[in-house]
Amino acid sequence: MSGILGIYAFDDLWSVSRFIYYGLMGLQHRGQEYSSITTWKEGGIYTKTVAGLVEEGFTETSISRLKGYVGCGCTATSKKMGRPLIVSKNGLTLILYASGGLINANFRGMAEFLLSKLIENNAEQAGEATIEKFRGGYSFVCITSDGRMMAARDKLGVKPLCIGGLGFDLAILASESSALDVVGADLSRDIEPGEVFVIEKFDVRRNVVNSGMRAYCSFEYVYYARPDSIINGIHVYDVRKKIGVFLSDIDPVDADVVIGVPETAIPFAMAYAQARGIPVEMGFYRTGRSMRTAIRPTEIERLMGVQLKLNPIRSAVRGRRVVLIDDSVVRGTTLRNTVYILRKRGAKEVHVRIGSPAIKARCPYGTAVPPEDELIGRALTPEEIADVIGADSFSYLPVDRLVEAIGLTKDSLCLGCFTGVYPDGGGS
Amino acid sequence: MKILLVGDGSREHAIAEALARSVKEPRIYALMHLINPGIARICEQSMGRYRRGSPIDPVQVADYAEELNVDFVFVGPEEPLFHGVADEVERRGIGCIGARKAVAEVEMSKAYMRKLMWKYEIPGRLRFKAFKNIEDAIAYISEYAESLAIKPARQAGGKGVKVIADMHVYLSREKRDVKAKHAERVVKEHMRDYRDVEEKILLEEKVEGPEYTLQCFSDGETILPMPLVQDNKHAYEDDLGPETGGMGSICGKGLTLPFITMEEYYRSVEIVRKMVEAVQSETGELYRGVIAGQMMLTDKWGPTIIEMYSRFGQPEGENILPILETDMVEICEAILERKLSKIKLEFREKATVVKCIAPLGYPDRRDLARGHPVAVDEEAITRRGGKLFWSSVDMVDGKLLTGGSRACEIYAEADSIEEASEIAERCISYVRLLDGWRLFHRSDIGTPRLLEKRRILADLVREIYQYRERKGMLGRSIDWIPGRGKIEL
Amino acid sequence: MKLRESCGVFGITSNTLNNINVAEVIFQGLLALQHRGQESAGISIINHGRIHTYKGLGLVLEVFDPKRLKLLDGKCGIGHVRYSTRGMNRIENSQPMEFNSTQKFSLCFNGNIANYGELREKLESEGYSFSTTSDLEVIGYLISKYIKKGWGIIDSIGYAMQELVGSYSALLLLDNGALIAFRDKYGVKPLCIGLIDYSNYVFSSESSALDVVGAKFARDIPPGTIIVADDELLEVEWVKCDRHAHCMFEWVYFSRPDSMIEGISVYRVRYRLGEKLAELCNVDADVVIPVPETSRIAALGFSKRSGVPLAEGFGVNRYVWRTFIMPEDRGEYVTMKFNPIREVLKDKRVIMIDDSIVRGTTSKVLVSILRKAGAREVHLAVTCPPIVSPCYMGVDFPTYDELIACDKGMEDIRRNIGADSLTYMTIDGLIESIGIDESELCLACLTGVYPMEIDPKILSGRWVKE
């Protein structure tokens, strides 16, 4: 998982590093292990990669030393995705940040291929050839040592990418529109699936490799994206609220209070509560900074993450029948801990509702889903899961209702992690 | 009848065509800096002539007009007006459509225009500060982190304007830095060659909203407004990229645009009328010619003046002139005789779209965009339902070379903006550069997506200014500064 | 006489590597670059904002011992092995050298400054006093000069680069902990960068030294580039130059076969040179033998292509030159170093593959050694085309009048050497074997056409080293 960002200033008076720095903060939820910024100006490339959050890793000095009016960066969960791919050939250097996953190659191979094509062709042809050749769910943004910026999205549009502008001065490409909002830019549109977007000194061009197919990642709506983002023209917050409404129809139980697991499940809980007329309460208070459990790298950190993070507020749950809403279940360990803590704080009943279908299969597009034999949703029925996590009841959102909540047709979404059916076969 | 047309752009091409349509069958003569093949052809077809010369030289223009013994002169662009071409032509006893130098200052000096608006309390005025030297401007910029428009204090061919929103404290330093550097550039580059205004830099409060242009004929007593046109200033699609002189414009059926109400239209007309009255009472001269308000629907005022034009907009003029049904020569004569009140302007009920085609390098590196040979299949364009207006090209020894700005424009009309846009789009590929240099244009102008975007923005702004109006707050800026109390400007 | 490379450089920054001794890593790297210079070795390390340098005459293993390396602990450092192209083999000429400007730095480089004399004079007139005869001092003082004028380090290096004519692949260690690499705009001498983990940068003359320390090769440093690596970030600035001039000798002779130079495997180039040579050499023979070590791979390619069996004709006494430091009599030196293997040579028609002929003395001795050992015929095939011009970029060639191919025809050279036949690689064959465009190579010693303008003063007279 990673979030990518590219900023091109049409006027070389601008220094973009601080814009990238803040823009990346708007993408920090997509990866907190590594952050990286690379900038360019005539005659220079400047790059820095840090372990940890953007805010922690980049100092005032490094931002001022990252010179230039063109730049890109990323936030990522792994070292592999978190550092720039730098390849050079025949005096041309390419610096690329990618998000997502390839099923028939790796990103370094893709960067090398793109570079070799850039030497022979114009940028959009090179990008087209790259998109044709490399299968998977990905988006990337790159800059070249001759000052071009390129971004593209895979043919199926699995991973999001959008473009916006800040006045007459900046063009901004980002995984999510939240990054645009942070720097005050206006969202223009989503980059289309299969689209190559090229910004050169005096020209902006685009080309689309049309596959006629769409497979937008449905998990973006459930979990990854920030609720204030607009992905593929759809407001994430609206989808999450609809999911909450739909959940309220499933296995309704009498309850006194609805609480959502912060941060992602809060809109689910609010909509659930509104629909059922049960009060919603702030059930947890968070300790420490916002860390997202599904994208923490190891099991140990995952457990630590929860315990450190979520402290139930006693009076909100004591003696009450609680509906606990979470966004997803992977191994079930997090949820078991959460239910256990709620019971210890006096909850009379705990009914768990999940805002997404059971995760049953791997993701070939870069999401670190654990091996299939570690997925509780694949191994156990909801009733069994309820017993394992110690809940009074446990239900998922059915796949069809998720599709309905997103508001797109089923065949334009990738639901691979729920169904095991991938839009392009998913590789082996 | 003989008319001398001054200027060589697409606007003058459209003016020439409108004049040539007249039942009076005038002979059109032209004085051009670059030889525009479209104007040249109209001159020839109307049994007139054209000459290469300097349109900004009043003596040259007046001499040529005398030599030809024309009935009147029509000045297309603003620079000849700023240089006093209208004054000189009229001094020789020849009628001139085009504002005199004194009244054209309403366009030439942006500071003058703003001062006038405040003095005569014309609605749609913005707070501004004009500076005579760069140090004061930079000192001001570094003290106040404000959302600003930084402009050359004189009309400089639409160049040198930078608008910077400064709303995010954490990015303020970067923005102040750019603002200061840009102010310096305005003085050093854009204002370098101009000595005719005192102020160098104008800082204006930044406003946001959909822009539109209202063009009017004026004879000093009556102003006759034309339908609204909207230009697109960003160089690239999706409203990205640097500011240009305009990459294309749209004009809806009827008087107004799909996202501007009739009430807003009339308010805009009122503002322009007041501007004409103000500049006339200030200078004691009549405003005769074309005047246009480059306007914006803002949350502060509703219709707001961004800049004034003392001529047709380019490309906005090209949206209007082809559908003008009233005889253009009659209008001109009415202006000269101050009988404009007797004219009823009529337009064909069509939506029009103009798309500009520019060589790479435009707008920031015109040196790169200049000198490329152009070829156009005009027949194919006509067959596809479009029309070609030549713009920045020069005919040298029978060859057409780009002049550095937008080379030409495709005009199309239909029952809706969207349809007109599609027609124009189909014609674009018939314009080529023969040396392999690339041309670019904006295919998104007039598409439903862009129109919808404009509508959403207009609705948002309208709600706010209407709320302000209900509270009696229209146009008022109220602030509270610790230690100084409440301040109203 | 054999050609000698000027130097090898190696440097590392460790931002996230804990518990490693940087000096030890540099030591390992220098060992891997030992073939590029055996006269002296040195290491500079940053420790708590201070630069510590230790250097000595001799091989890396002789100069450094484990105790010494422990003492040199730090976060970031550079190292150097040297063979003198200019400046005698004296300790004060060895590298890295420390310079005290407003900022302290330590500097080492590989290359040769062609306008050394001119720059030295100029700097002396500005009050700089020179204590060595090494070109490095000129580079160091030039950079100091601009630092003193108030320029930042990148600008200072950039200005110095504008004045320097010649070849340089240099590493500079700054007292604030930054490691800076810069390379002349023609890219004559190699320099590459590798990564350990994601933000520990390793610089080396050859990629083989990266492998040895476990760094991943990232790229060759583009000609005309300045790279600053520190715990903040990696800054890369460059000047554009369309004409590059990579020294072809790196592939032919200098570099280790396991290195990649400008992205091209040295091994593959040498193998292809052998194959091409086989196509050019039309003699019947019983055995192909290489002159160790460099020519082994070419001999392999030769044998494969020609079908003539490959054999080792010499036993090598590797350490002989260490016993007789710079012996006066070349013939004696060669005889002591190369011992013929009679069993292989007796009554055979032999093709001997050598990498290059400079003066011709070594070849002459080798041919006579082979004949004495019983070879029936001795044919000489050389992977480098005739060397006709001196080098001002850092290869230790003699002047015009000492180059055997400078004024002699092919037949004269053959007779002089005493071989039955002599086959040289062609220039086209060499370019093809390397596989990059001619415009990217420095072939000055083969063609007399220099990639940069050389002051006629240097060309006309005898180019004196001391």
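Labels for the chains are A, B and C, by order of writing; each one numbers its residues from 1.
Throughout what follows, contacts are C-beta pairs under 8 Å (C-beta built on N, C-alpha and C of every residue); 3 or more make two chains touch, one makes a residue touch a chain.
As the structure is a prediction and not an experimental result, all values here were calculated from the model.
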More contacting C-beta pairs: A-C or A-B? A-B
Chain whose Cα centroid lies nearest the overall Cα centroid: A
As a quick test, compute the distance in whole Å between the mean CA positions of chain B and chain C. 66
Report the inter-chain centroid distance for chain A and chain B in whole angstrom, where each centroid is the mean of the CA atoms. 45
Using the average of all C-alpha atoms in each chain as its centre, how far is it in Å between chain A and chain C? 50
Tell me, which parts of chain A touch chain B in their complex? 10-11, 13-15, 18-19, 22, 163, 165-169, 171, 182-184, 186, 188-189, 201-204, 206
Taking the touch rule as given, give the residues of chain C at its contact with chain A in the complex, in rising order. 16, 197-199, 218-220, 222, 232-240, 244, 263
The residues of chain B that touch chain A in their complex are 162-165, 167-168, 170-171, 173-174, 177-178, 181-182, 185, 233-243, 360-362, 364-365, 368, 438, 440, 449
Touch list for chain A against partner chain C, complex: 34, 43-51, 59, 61-62, 65-66, 79, 82-83, 86-89, 91, 93, 145
